[in-house]
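In the two complexes below, chain A is the common chain; its partner is chain B in one and chain C in the other.
The block that comes next holds the complex of A and B.
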């Protein structure tokens, strides 16, 4: 919260410099790349050269041509269009995962950190329990129960990412809780809830943001992997993970149709994690 | 640990009852059955008993090595497990060795040679941590399997050396992400130790560089490395699902995935339980290793 408001409250010409101060030139490049992907995904219906499922039987598994800038896959579908359309679930999915995870994690962490004692113990043990289930396994269990799809997969992953965000937030809140200004607010008679919502959580939000950013990258990887396994996005729908599930192309040596989605996954995850790491380095620096 | 194992087993068992519709409907899947068969199955799976009693039956059976009968294949689940487990175990152990040896070696190397080599390793690992397991698998498969034809692209092989040959690419793919991560952790930890007081003292006592690095820096740097390595190795179990799919291996992951598609819930429960139990056991093992490495840490103390 406060990161965003801090950034937007300042005058416009200071905005870029403020961002630059926080994440550096490399972070700007990485963030710019992500912004570019988001814009491209949003505009997919306008800018993609053809329909992602249109089949061009005359040009099957072709290399780059004027008609198909990134070639076609083994069904003759345009790779560039599929990448653009596939960017939508590929980026929306992790947003959903991390959004839900954060919405559950932050209040839980605030409750545990603020109350302490038995409640803290119970919440912490619960987090330990969720930790024992690898995210992919939880998603597979969810698919067994509710069938494949983005919704069961992302809800299961949200549950498994929740403890990561909750643990970091809780330990930050514990650190912040004992500061004099919080005591002062308590003495003034402000309720615990109000202190948490208005002061405590906004003040630890920098840490939450960096953890959220880093988790986003991992969620993108997990969702792509689930799509690859055929549990997440199902054909004819497509994301980058589905596009990589093309063993025929690999066995025949037609690499480009599989290479581009792989490359996009790697680049976007690298970018997101880099920004997240810069944010968290910045936080530790500011603490010192 | 025992408590955690019990609770997770309960969660896995209870998840059957979270499904929409009744449990027997889930067991039958798409098949339509006569009421007599339904009643027989309900009796066989104790579905008419109270829930906790059903869980108790299942748990005691599991502890005796009886994981029930696969509803789709009509074979005991335990048989299918024992057929699949060796491949996965081989893969995980092979991969763990790769992770620990190369992750620690690269990290130490990187910390001792600041400059170009360090920058190179750090850039490589930065990208490396962003490579999903299945992407690493696909690229290895395409390059070393198909293009160069050095390694087989399918199956797990028979006999130790053949299996080693077959599982090399999968193990590398599985290890890839973890090696990159472990390298970074080892490097950070080593650099902190190298700049710390114990190393300074050891140096001022005139000990050789080798002794200082081996006995003082490396040993103290190991604690965070063991934590992360343990978590990585435990995490590999979930990664096997993906790698086994890429390389067509009949391990536990493949079994889990086909059982999901067949709605074979008894098998899904059994495999999930094994994967989660292994994860918990490895983590506990890591905690024990801690106390051996650093006597200051004692189990059971609650740190905030």
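The block that comes next holds the complex of A and C.
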């Protein structure tokens, strides 16, 4: 083996070991599964065997065949292709929800935790207020106002997930801001904004990441539920939630049409939540 | 420590008209919540009427037992806490009230710096030593990147750290080394006054001695004034020329360090001195003295 590959191998190994140290073997498997889903969703146009909406009337509600590895649904659409294409909104949705929620939550939390006093009170009470609205309810409200679709649902859920991330981040910032290194920077005369952006937020990022990961799983379930209710992705479009809403299949006992999307939802939520839990456990361990 | 490297240009000697620090009637009252439902408050006086002044190039020790208000004075001086009363002037400018603008805060930062007790939490764990000092230099001085790099090497050398140690994260340094970094970071702002809040207390004895020598060196070279807060009287004797003895927030004695430590007038100072273990030291005598001072209080 040449020196170069030796070196790169060692680097690679090092990174993987670092990840392994943080989330363990189970976390690596779970994270690997999520990575696999993301790659599959990205490559859906290339790897899906047929169009997700192509109807094969000769093979309606078929079981696994060579042509349709996971069978077809009651309209004769290929389940594997629909799962692959459906992975896109199913994963993009929660990403959107949590991305927007985090972008709002972290600055709010930093503002509250850094300023303290009245500003903290106002921000915290505002967060309590938003907490009071269940996400699904807000999403239904958004759908009534703007019509069904991924964006109204995602934005409504983003608002309801925001306080979950903000509250944890704020308490972490409160803990961190009294440490001497932050006091030293204050005494130096560094602006509050610079201290927050360059020092405070990076130093609580581990907590933010674990909270983001756990929330991602919940958001995925919520969006699937909204799709199931016909408020998020509308047929003929597909995500995993839409695919579970197939009463014909259930009535006729062709459970495999519903089984696969359900299985994907369960596995992806479990994986994401497991990684998040491992991250947060690791943070608590490091704090001790 | 490579002293030969230092030329006159690298040490920035400040010349001020008048004292470096002037404190008059400094007072700090904390509101402690107590009683049912925390509705009733009770005032706790942490510092009551402390007054002192400190000349350029001199060093003032603040001693007293835990909870005597030493650290509260330090925190008020650097602006972490706001004084409840009295006035503070540093380098001829008033800082009794909190800084209103960022530029005022920065200016105060260039007048007075602080080194904290715990070297393990004094540095940003995610920032390399070089970046840590670079940030301070960027804040206070207009320098090119090259000049800053040069200055970082100088500062590290001044506190006895190598160029290589500047590349690492704090976790790769020992407690003593981290405290040196904290001192270098404070020096980077080239303050007129440096507050050392129990800055050597957490270090083991040989490291303490090194840091004390280092501080004495820096003072001679830069004419910087020190406020040295410690419960360790032996260290105070080595570093300071004036001392202030605090007890329950009140200054019970102040004057020349030699005089206070050799011939204390106040009973509390005597007790403090008698509490230091030395040959022939008898704990029983201290306890008797303590009982005596409690009686006299009543």
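Everything that follows uses one rule, which is that the second predicted complex is superposed on the first by the 275 of 288 C-alpha atoms of A that agree within 3 Å, B and C clash if a C-alpha of one lies under 4 Å from a C-alpha of the other, contacts with A are read in each partner's own complex, and residues count from 1 in each chain.
Convention: contacts are C-beta pairs under 8 Å (C-beta built on N, C-alpha and C of every residue); 3 or more make two chains touch, one makes a residue touch a chain.
Only a predicted model underlies this, so the values are computations on that prediction, with no experimental measurement involved.
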Notebook entry, point to check: chain A superposed: clash or fit between chain B and chain C?
Noted result: fit
Check: Just chain B (first), just chain C (second), both, or neither: which does A:171 touch?
Finding: first
Margin query: Please compute the chain B to chain A to chain C angle from C-alpha centroids in the superposed arrangement, rounded to the nearest 10 degrees.
Written below: 100
Item checked: In the superposition, chain B vs chain C on chain A residues touched -> B
Item checked: Partner chain(s) touched by A:229 [first = chain B, second = chain C, both, neither] -> first
Next item on the list: Go through the superposed model and pick first if A:181 touches only chain B, second if only chain C, both, or neither.
Entry: second
Check: Looking at the overlay, does A:17 come into contact with chain B only (first), chain C only (second), both, or neither?
Finding: neither
Next item on the list: Considering only touches as defined above, state whether A:189 meets chain B (first), chain C (second), both or neither.
Entry: second
Check: Closest pair of CA atoms, one in chain B and one in chain C, after superposing: how far apart in Å?
Finding: 7
Margin query: Residues of chain A that sit at the chain B interface in one complex and at the chain C interface in the other, please.
Written below: none
Item checked: Touching residues on chain A, where the partner in the complex is chain B -> 128-129, 132-137, 140-141, 143-146, 171, 174, 217, 221, 224-225, 228-229, 231, 241, 244, 250-251, 253, 255, 258, 262, 265-267, 269-270, 273-274
Margin query: Under the stated contact criterion, what part of chain A meets chain C in this complex?
Written below: 179-181, 183-191, 198-199, 202-203
Note to self: Give the list of chain C residues in touch with chain A in this complex.
What the structure shows: 78-80, 99, 102, 105-110, 112-114, 116-118, 121-127, 135-136, 139-140, 182, 185-186, 189
Item checked: Residues of chain B that touch chain A when the two form their complex -> 4, 7-8, 11-12, 15, 18-20, 26, 126-127, 129-135, 138-139, 141-142, 146-147, 153, 235, 237-239, 241-242, 245, 256-257, 260, 263, 265, 268, 272, 275-276, 279-280, 283, 304
